[in-house]
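Got some structures for you, see below.
The following pair of complexes shares a single chain, chain A, combined with chain B in the former and chain C in the latter.
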Partner chain A sequence: MTRFIESTITFPYKRSLGPVVGAFMTALTEKQILGIRCQDAVLVPPMEWDPATGAELPHEFVEVGPAGTVESWTWVGTPSIQHPLDHSFAFAFIRLDGATTPLLHAVDAGTPQAMSEGMRVAPRWRGSREGRIDDIICFVRGEAAETEGEDTGGATDPVTRMDYLASITYRNPVPEAADRATEASREHRLLGLRCPTCGRVYAGGRGLCPVDAIELGPECEVDLPHTGTITNFAIVTPVQYPGQTETEPFVRAFVLLDGTDVIIPYSVVIELPADQVKVGLRVDAVWASPAEETEEGGGMGGSWGSLLGWIPNGEPDIDDPDLVNRIF
Partner chain B sequence: MSAPSTDIAVIGWAQTPMVRHTDKSETQLLMEAITDAIVPLGLTRADIDYTCLGSCDYITGQAFSFVSNLDAIGAWPPKRDSHVEMDGAWALYEAWLRLQEGDIEIAVVTGSGRSSTGDPALIYPMEMDPYFLAPLGADPLTFAALQARAVIAAGIADERSMAEVAVRARGGDVETLLAEEYLRQPLRRHDVPPITDGAAAMVLATGDRARRLVERPAYITGFDHRTECHNPSFRALDDSPSTRIAAESAGLSDAPVEVAELQAAFTHEELLLREVLGFGDEVFVNSSGGALRDNPIMATGLCRVGHAANHIFGGGSRALAHATSGPCLQQNLVCILEGRS
Partner chain C sequence: MSTPPVAVVGVGQTHHKSRRLDVSFGGLVREAVFRALDDAQMSLDDIDAVVLGKAPDLFEGVMKPELYLSDALGAVGKPMFRVHTAGSVGGTTAIVAASHVQAGKHRTVLAVAFEKQSEGNAQFALGSGKGASLGAGGAFAPFIRAYIQRSGAPEHIGWKVAVKDRLNALKNPYAHLKIEDISIEKVKASPMMWEPTRFLESCPSSDGACAVVITDEAGAKAAAADGRPPAWILASSSRSEPSSFPGRDPVRPAAALQCAADVYTGAGITDPRRQIDTAELYVPFSWLEPIWLEAFGLAEVGEGWKLVDDGTTELGGSLPVNASGGVLSSNPIGASGLLRFAEAANQVRGAAGEHQVDGAKVAIGMAYGANNQYFSTWAVGSSLQPFG
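Up next, the complex of A and B:
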C-alpha cells in the first residue's frame, strides 16, 4: 500500500504594483474606481498596455462607477476558502458606469433567481481598506455604494505594493524505496540500491536508476559502509526568510563512502566548527539514539531517517586533488 | 508556420492508464510512457537525440520537479534536453523547431501531470492575474461558465447541444443529463472535465529515418500557436481569434481534414472551436472522447496530437490537433498531420 504524505507550501509574495495598477489600488482606498483611457475605450481594470497592440498607454485615468451593470454571471453554490464570500454568491462581469470593459467581481444576491443580465449593482466597501481588489467585498443590488464597518479613510501614501499569500496543500506518494531506506536507518543501516544493468549504486531511497531509466526493487538492496571522506562542502550563511530556522552559518558537505562510488549529498557535519571543515576529512556516520528518534528522523531529513550526519573520525586526511572533482 | 524543408513526423506515442488517482510518482509515469512509446519502434533511450518535457511545478508541488523527471529519460551520457512549463503539445512544438536544424533525427516529447496531488480548484486561481483575479479566487469553473454564457448568447451553443457533446464523449442520455442541477450555471457536471492523473510520450523522427522506422509516418505539415490577452475581461469570449490565426497559419484551408482532436475540456469549448475552425459534420471531432473523457493536465494537449496521429497511422490522409492553455482558451496551438501514399 503506497503511503502518501501531505504538505502545505506557502508563497508569501510581495508584488510591486507599478504606475497604473498602483494608481487603481490607491484610489480603491479612497472608495474610487479608476479606469484608463485606451483610444476611445476606458479599460477597467486598468492596464499599462493596450491589450490589442501592446502599445504603452498614457496614464490618463478616468473615474468610473461606482455603480454598474451586470453583463454576465454565474452562480457559485459552494464557495471555496479563496472566494470573497463565505456563502453562495454570483461571480459577474460588471460594466461600471463609464467603462468599456467588464470587471470580474462577486455579487451578493442571495439566490441565483435574483441575478439577471442588466441588473444594476454597486460596491460594498470594506471599512478598512489596504489598496487591494478585495477592498470591494462584493457588489450588491442597487445604485448606492455601501461601507461595511467603521470607515477608516483612504491611504496616506500611494499604495505601491500588494501582499499575496499563496498556499497550496499537496498529497504526494512516497516511493516504496524511500520508505525501505528510512526503515533500514532505524536499525542504523545505510541502504543502497545497485542497478542490475550498469552496476551503479544509489543511496537515499531513490528507487530508480536515472542512467538506465529502470526501477530498482528490494532485490537490488545493498548495505553501504558508514565511513567516508568529504569531497566538497559549502558554508551556508542563512538569509532570513519566512520559514528559515537557521541563524548561524552552517556546513553542507558531500561524503564519498569508502569502497564505493556513492556520494551522500548535502550532509550535516557534527561537532566541527564550520571553518574547520575541509576536503579530504575522514568522517563516520552518526545515528540518532532511540531517545533522539523523531517522526521526522534525524538531521538529514527525507529518507535518510535516523542518520543525523557525519563526525570526524580522527583518521588522517586524504590528500587527493581529484576528490573535489565530482558532483554526485 | 508552414512546413519546413526537412520532413518531420510523429512516428509513435504512448500514454499511461488515465486514472482519477495514481499511486505512482510523475517520474514513474513518465518512465512507463517513454518505454511504451519507444520499444514498439525498436528504439532505446540511447537512440534519442533530444527530449523536451512539459510539466508544471505548481501542479506537482515541487520546485524544479522536471529535474527528477529527467530520471525517466536516461540522461546519461548527457543529452540535449529542454523543458516547457506548458502542456506537452508545446514541448512538441519546441522539438519540431529543434529538429528543423537538421543535425539530429529522433526526439521524444512528453507531457505529465498528477492533478490529484492538489486541489485544481484552489491551484488554478493562483495562476490567474495576481492583482485583479487571484485575490478573488477566480477559478476555472467560473471562467468556463462565463464563456459558456457568451457562447450560448452568440447562438453557437445551447445547453442541449452541450449535453450532446458530453454524450458523445462519455455516453449517457441527453434528457437525463439536462435534468441535473447546475454545477456553475449554465454548466452542469457533464459539461466539465474529469480530474485525471497521467502522462504521454511521443516520438518524432526526421525524413528517411522516420520512413525506415514506420510504414506510415504522420508528417507535421503545419504548426503554429498564438496567445491572447491574459485577462478574460478584455476578450470576446464568444470567439477564439488565436485559434483562427494559428489554424490559418498551419494551413488548415489548404485541404480538408478528416478528423480533428480538439482540447476542449468543457463542452461549449468544443462547439466554439468547431465554429471558429469552420468544421461541419464532415469533420469527425474528438473520436477519442477528448478532454471530457480524460484530462491529464499538461498531457491533455499532447494526447490530442497522439490521437490525430493514430488516424494517419491507420491510413488517414489529414488530421488536425488542437491544444489550449490558460483561462477561456487564452492560448491555442494547431498542428496538422498528413500521411503519404
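Up next, the complex of A and C:
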C-alpha cells in the first residue's frame, strides 16, 4: 500500500504587465474594457503583438462592451478555492460588443439551464478595483453593468504590476524504503541500504543506487553507526523570502559515519554555533524523545524521522586532509 | 560521427537589470529576439523552429511559458520546444537548436532563453518552496572549500576573479552590474554570505534574455560573403551525472570531464590551453573560475588559480575568461548559459565590441547546472578549420 504525503507550495509572484496589458488593467479600474486594433480585428484582451504573425501592434486601444454575447460555455458544478466564484457558475467565451475575439470570464447564472449560446451578459464590477481581471467579479444576464459595494473609483497611477498568489497542492508517493527508514528512526536506528553490485551504502531511505540504477530492497538493509566526523559544511546567510523559516546564519554539515563510506548530507547541527563548525569535528547523532516527535519527523526532515541532527561529542578532531572532499 | 557544418549568424541580448518592470515576459524575450534577427538580417519568417530555455517554472510561477510565448516569438504554426537542464539550460538550448540544423530537419532555428527574476525569488525556488533554502551559494560553498584546501590556493584568488569580471562588465553595454570603483578591498570588505563566498564574489539577480540564430552551411556562407562573419560550431556536448553517491567529486565532476573531452575531440582540440583563445565559463561565484579552468582542461589539476593570479584570464591575458563580465555581472538564470554561448560566438565573429579579445579564432562557451551535475559546452571558430 503506497502512502502519500500532501504538500502545498505557495508564493506571491509579481507580474510585470507591459504597456498593453498594463493599459487594459488600468482601464479596468475605471470600469472600462479595452481591446487593441489588429488589422481589421479588435482583440480582447489586448495583445502586444499580432498572434498570427508576431508583428508588434501599434497601441491603438478601442473601448468595447460593457455588454456582450456568450459564444460558448461550460458549467463548473463544484468550484475549487481558486475559482472566481464560491458557488457553481459557467466559464464562458463572451464576445463583448465591438470586439472580434471572445473574452474568457465567469457567468453567474445560477443553473446550467439558464445558460445558452447567444445569451446577452454584462459585467458585475467590484466596488474596489486594483487593476486585475477579477475587478470584474463575473458577468450576469442583461445589458447593464452593475457594481457590487461602494465604488472607490479608478486607480490614481497607471497599473504596471499585478500580484499573483500561486498555490499548488500535490501528493507525493512515499517509497517503501523511505517509510522503513523513518520507522527505524523511531527506534533510534540509522538504517542504510548496501548496493549488492557496487557495495555503496545509501542512508535516508534512498532505495536505489544511482550508479548501478538498481532498486535496493529490505534485504540490503544495514544498521549504521551513530557517531561520525564533519567533513565539510555550509554556513548559510538566510535571504528573506515568503516562507523563509530562518533569520540567523545557519549550518548544514556533511557527516561521515565511523567505519563506513556513508555521508549524511546537509545535516542539522545542535549546540554548535556557526563560527565553531569545522572540518574534522567529531559528532554524535541526536534523537528525538517521544515527546519531541512530530508528524514531520525531527530537525532533519523527510525520512530521517526522529534524527534531530548532530552534536559535538568532545572527542579530539580528526586531522585528515582528504576529509574535506567527502561531500557526497 | 561527423555532422554537417552549422553556424551562429545572429546574436541578441537585453540590457540585463535587477528589475525590468516595464516589460512583460513577451516584451523581454522579444528585445533579445529582434536584436538577434537584426544581427542576422532576418525576420521571424526566416525562422523554421524555436527552442526556448529557462530555469524551472517555480522561478516565476508560470507553467510552460514556452506555450504562452509562442505567439510573442512568432512560433505559431512552427515547431516550438522547451529545454530543462537547470542552470545549464541556456547552453543546452543552443545545443538543441544547433542539433535540429545539423540533423537537416530545419534550416534556421532560433534559440531563446530568459529569466525574469524580479517576478519571483530564486532562493525560494531553489529551496523547492520550503524555508531554510541553501540557495546556490550555500550549495556550492562546500565544493569551493574542498577546492581551496586541495589546491592550496590563497584566499585572494576569489577576490581577483570578482574584480576582473566586474572590470570586464564595464566594457559590456549589456552587463547588469557596473561597479566603477570595484577593487580587491571592496570585495574583501563585502559581507560574508556563504563562507568563503562574500557578497561581491556572488552573481546578481537579473531580468534578461538572450537569443541566437543558428543556420546551415549555405546560410552561414552567404552571411560571410556579405561581410557578416558567422561563428562556426566546431563541436557541442551535454553531459550529466547523478546528484549524489558515495565518492562523487563535485570539484571535478565526471560529467564535466566527459563534456570537455567530447567537445575537444569533436572540435579537434588537443591542447585546450593553447588552442582556445578565450572562454566564457559559467561562474556564478568567483571560485568557480579556477574550478572550471581545471575541469575543462584549460589548466593542470591544482593550477587553475595560478592563471587567475598571474593575470592569464584577464582581458589582456593570454586566455581571457568571461571577457563579457560573465555570470558574476549578469545573471538572468535561464539565459545565463546561452549568454556564455552567445558571447563565445561573438568573440570569434569579431563582434564583441569593447570587450573583444584581439584575434580570437576559437572560443568555448560553457554552462553548468544543479549540484554541479549538468554540463553543456560548445566550441566555436571563426572558420571550420581554425587550426590550419
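Please note the rule applied: the second predicted complex is superposed on the first by the 317 of 328 C-alpha atoms of A that agree within 3 Å, B and C clash if a C-alpha of one lies under 4 Å from a C-alpha of the other, contacts with A are read in each partner's own complex, and residues count from 1 in each chain.
Note that a contact is a pair of C-beta atoms (placed from the backbone, for glycine too) under 8 Å apart; a residue touches a chain by one contact, two chains touch by 3 or more.
Values in this document were obtained by computation on a predicted structure and should not be read as measured data.
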In the superposed arrangement, which partner chain does A:43 touch: chain B (first), chain C (second), both, or neither?
-> first
Using the touch definition from the top, say if A:235 reaches chain B (first), chain C (second), both or neither.
-> second
Considering only the touch criterion stated at the top, classify A:222 as touching first (chain B), second (chain C), both, or neither.
-> neither
Does chain B (first) or chain C (second) touch A:5, or do both, or does neither?
-> neither
State whether A:80 touches chain B only (first), chain C only (second), both chains, or neither.
-> first
Considering only the touch criterion stated at the top, classify A:114 as touching first (chain B), second (chain C), both, or neither.
-> neither
Touching partner for A:211 - first (chain B), second (chain C), both, neither | both
Regarding the shared-chain residue A:104, is it in contact with chain B (first), chain C (second), both, or neither?
-> first
Scan A:144 for contacts with chain B and chain C and give back first, second, both or neither.
-> neither
Interface residues of chain A shared by chain B and chain C, listed 9, 13, 15, 17, 21, 47, 51-52, 164, 166, 210-211
Residue ranges of chain A in contact with chain C within the complex = 9-11, 13-21, 47-54, 56, 160-161, 164, 166, 200-202, 209-211, 232-239, 241-246, 250, 252, 254, 261-263, 265-266, 279, 321, 324-325, 327-328
Sort out for me which residues of chain C touch chain A in the complex.
-> 20-24, 26-27, 30, 44, 58, 60-61, 71-76, 116, 118-121, 123-124, 128-135, 137-139, 141-143, 145-146, 149-150, 191-195, 242-251
Contacts from chain B onto chain A in the complex sit at residues 22-25, 27-28, 31, 34-35, 45, 58, 60-62, 70-76, 116-119, 121-123, 125-126, 130-139, 141-142, 145-146, 149-150, 153, 182-187, 229, 231-234
Name, in rising order, each residue of chain A that touches chain B in their complex.
-> 2, 7, 9, 13, 15, 17, 21, 25, 43-45, 47, 51-52, 72-77, 79-84, 91, 93, 101-106, 112, 132-134, 162, 164, 166, 168-173, 175, 206, 208, 210-215
